[in-house]
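Each structure below appears as structure tokens.
Next come two complexes built around subunit A: one with subunit B, the other with subunit C.
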Partner chain A sequence: MKLNPTQTLLAMLAAAVILAFGPLVLPPFYVRVGQLMVYSAGLAVAWAILGGFAGYASFGNAAFIGVGAFAAGLVEGNISGIAPPLLLLVGLVVGGACCGVLSAAISYPILRLRGTFFAIAMLGVSHVCAEVTNNIDFFQGSLGLNFPSVVPGDIDPANYFYWLYLAGGLAVLLIAWQIRRSRFGAGLLSIREDEDTARMLGVPTERYKRLAFVISAVLTGMLGVIYGHSLGYITTESVYRDDTNLSLIVYSMLGGMGTLFGPVIGAFALVFITQVLLARLLDFHLFATGLLLVILVLAAPGGVLGVTRSFSLRRRPSPVAAE
Partner chain B sequence: MSTGILTVDRLSKNFRGLAAIAEVSFAIQPRSITSIIGPNGAGKSTLFNLITGYVEPSAGEIHFHGRRITGLATNRIAELGIARAFQIARPFRDLSVHENVRIGALFGKAGARDVAATTGKSLELAGIGHLAQQPANALTVGQLRHLEVARAIATRGDLLLADEPCAGLNPTETAAMIDVLRRVRADGVTVVLVEHDMPSVMEISDRILVLDAGRLIADGAPAEVASNPQVIAAYLGSPEPEAA
Partner chain C sequence: MNLIAQTLADGLVLGGIYALAAVGFSLIFGVLHVINLSHGILVLLGAYLALIVSQTLHVDPLLTIPVVMVALFGAGYCYQRFLIQRAVDRSALGSMLLTFGVALMLQNIMIWVFSPDMKNITPSYAFSSFRLGSVTFDAVRMSALVASLVLLSLLAAFLKFSPLGRVIRATAQQTLAARLCGVNVHHVYALTFAVSAAFAGAAGIVIGIILPFSPSDEALWTMNAFVVVVLGGVGSPAGALIGGLLLGVVNTLTAQYIGPSFPNVTMFLLLVLLLLVRPTGILGNAFSPSR
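Take a look at the complex of A and B:
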């Protein structure tokens, strides 16, 4: 069943409203899992704006989580006397802006690379940012950086950050949805399919790639700011994580690469599998997760939504028969 | 040189000392169908690559509607109204036929656009309206050729460069493609073809340009070119003497 834009919007809002009741009915452990789910989904959708829509799979988006979090933490730590929500807003703006500037600056050289070369170069960016944060005293990456509290006094912090992640994730999803429906989104899809042909059709490929890269980085950085606040104290290791870099790709592969909702489905499914189903397997759970992913990728390379799509296509008459 | 919708003036392209195109000049008249023929390696596809900005010329000028387009980016040239259908069909395989053509309509020539109407018209003009909802990766070779043309004309270009649109097609499919190109021209689009299928070339062309080793060796009406001794020697060859 294909939903029209109004139905899609209502479905997204309804799902968000239902999820918002989570902290009111779930035990604390599941609220923590829920936090991780909606945070991961937001990051995955932000990643997919470039990685899924345009086919430029970044293996280093943790760079923007770290830059966003550290920039916000450093600025917020030097501000006093303003209300917590305003302080968070300042952090979001600063974190997002720093990621925007960084991504815009590196977009010129790095987006000349394609495929594996781009992915590995982004991993390099992530590691360079981590090293800079760790080795330059100003950033306090090795000692750690405290975040001022932005939680209103009478709200459980776990619940507050769950809702904050949910709002952030929904905002990212709505932005990605608008991009997907737009001329810009169609251009990104054509870049993913065949960049040279896209250019021949008049798609301004360089400009579109850079714009998608910057949007993805800004949104990732803003989610990184919320992540920093939810931890309360960050070090280089807690934000520049290679397992995050890997997970962002896996979420899209699992749910459906290039789709809007695939990364959300993938993030929810993988977080649930690793944090709930396999959580009691201790060291074995990483092996089990890896094995599960290999099986899923081999059996369903298009992800969950790819399987759904192939079923719907099978129902159509073949093009040869249609002639 | 007379002016036309497209004028190519002393265009050259060297690849590490090898002259792929050497001092080629011609002008294409509006609403005409011009075929470029020549043996393999004559520089036909390179000429298309130069016109569309895919590679930069070593020397010479290209003007489109009187505007110099030499050195412009490929997408800027498409925005000015030059569309191209590739020799090897390059569909967006994970998208449907309709989505493929819609992307052409969304971009291409700058200016006001009615995407839905252009997409529908292009699909019908290329004779693949009935395949609109099919995934591009399920099409036959012949259908892919039609999709290539449909997507190119959806860009609303004034000039269509079609690189061997009949390659690999059987006689029935070739006739269908010729019919499509005629309809495209009737719709006001100037067509330049690179083609090896000589019966098709003779049937459809108003004018033929012959390239050999990067040089333009003949330029004229089909009958005129077919009887040109230089063209016969370089490309067409002499008819086999009939067995007694």
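Take a look at the complex of A and C:
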């Protein structure tokens, strides 16, 4: 089944419209789960712009969630007298801008690292941001930071944030889709396949990587701003989370690394499994997550989309690949 | 002056222990090119085994090292042969996530079996200390350091002089060439993993007698091992030693002079800086540095 661009766009919009009716029919608990699903899917797609397309798997995107949320919270706390939706807009712009500047600054050194080294260096960035936020009084990381309410009066906050996440997630998906279709996206894929060869063939790998990194960081930061608002009160621990860092990789692995919709499928599936199916088994939680990872790596290294694709293509085993 | 000397001495003692805790990780990374995120769990497994053995037999914890090493050697061999081997040659990310999954499962099992509380192994000489000039050394930390250095030297000698050590080094340098020369690479991978697990277990005992531990510490020891290995260079005990000493000194100096909550910041800044200047680590060698 191959869709042309118009059909893909319509399919995405239709799915979003169907999802938008969720809060009207679902009980409150499932609206919360839905929030988490859509939020995680947005983060996963933002991660995949660099991690999936270009193959630079970051282990520290929570850094941008945290920087975005704290920057927005600190600025919004000092503004008074403007309408709530405008305040949120200011927060999004500030949070996104801070992440953009930070990622552009660290992109020079950090994108020189490859593979696992890049992954772990990003984990380091996430930890350093967390500790700086926690230990310097100005950022109020250990004390906690309150967000002004941005919910219009007559809407249930849970529903409002569900729709906000949905809009954000859809925007991220559309951006990723356009990147994937463009020359820039093709360049990123060529970096994933063989960076040195791509460079030899004239792909501006440095510029492409840096651009993908900054886009990924800005989108992650903006989702972080919404996340901060939906929590209402954040501390260092609530935004710089190592389980977020890990989950972002797992979503893509589960759904299909390097695909456009894989991260979305992975995020929906994993959030559903951990929040709904395993919610009653708190003692068993780590074990089940670990077991899921092990099974995933051993049984379906290409993710859900990888499995369906290998069935549909029926590839012959390549004679070169045998080692 | 006195404070600086004491801080440096503490840092070096701690660094020797970090080195032992990292050497297994380094070996696996150098030979199999797998980031073993379950390394910290193996370290803790050693600590818990030593706790059980020394309490039931009433012996000094350091004397349990051989028992624990043999147990973890066996466990490590099976773990690599039956689980990790299936993911080794596919992708770096896959094997890393596999070991992470195993780490989560084992951590949960440890919480069931040993409870999530802090435990520690207390040897009989826990509170004695001696002075050298103006610098004080605890007996516990010194015995831990000596045990670390002895074990590291043994491993270095094993890799350098024994036939198996030579095969392991050959596989690390060029897997394909080693295979052409008749090396059973899968067996060597499993043995390397087993040796690494054994040393991780020994490190667990040494850590257990100087610091309290709990199942949730595993990530800390995995991260420490990673930093030590990247600082020092992959795949050699000497690299692990240098990286460990550097990390120990930096940690204690930061805690003393900048603030007790900043060691992680300086550690990672140092790490990123070093990755940029010298991506192969201080003792970078012929092992493939990054894939």
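Please note the rule applied: the second predicted complex is superposed on the first by the 314 of 323 C-alpha atoms of A that agree within 3 Å, B and C clash if a C-alpha of one lies under 4 Å from a C-alpha of the other, contacts with A are read in each partner's own complex, and residues count from 1 in each chain.
Here, a contact is a pair of C-beta atoms (placed from the backbone, for glycine too) under 8 Å apart; a residue touches a chain by one contact, two chains touch by 3 or more.
None of the values given here were measured: they were computed from a predicted structure.
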item	value
Which of subunit B and subunit C A:Ala186 touches, first, second, both or neither	first
Contacts of A:Gly258 with subunit B and subunit C, given as first, second, both or neither	first
Which superposed partner A:Val250 touches (first subunit B, second subunit C, both, neither)	second
Comparing the two partners subunit B and subunit C, which touches a greater set of residues in subunit A	C
First, second, both or neither for A:Pro152, with subunit B first and subunit C second	neither
Partner chain(s) touched by A:Arg114 [first = subunit B, second = subunit C, both, neither]	second
First, second, both or neither for A:Gly290, with subunit B first and subunit C second	second
Which of subunit B and subunit C A:Gly232 touches, first, second, both or neither	neither
Partner chain(s) touched by A:Met200 [first = subunit B, second = subunit C, both, neither]	first
Set intersection of subunit A contacts, subunit C complex versus subunit B complex	323
Complex interface listing, subunit A residues touching subunit C	57, 109-110, 112-117, 119-121, 123-125, 127-128, 131-132, 134-135, 242, 246, 249-250, 253, 257, 283-287, 289-294, 296-298, 301, 323
Residue ranges of subunit B touching subunit A (in the complex, touch as defined)	52, 54, 73-75, 78-79, 84, 86, 90, 92-95, 99, 102-104, 106-109, 130-131, 133-135, 138-140, 143, 151-152, 155
Residues on subunit C engaged by subunit A in the complex (per definition of touch)	35, 83, 86-87, 89-98, 100-109, 111-112, 219, 223, 226, 230, 259, 261-262, 264-265, 268-269, 271-272, 275-276, 279, 290-291
For the subunit A and subunit B complex, residues of the former touching the latter	183, 186-187, 189-190, 193-194, 196-205, 258, 313, 316, 318-320, 322-323
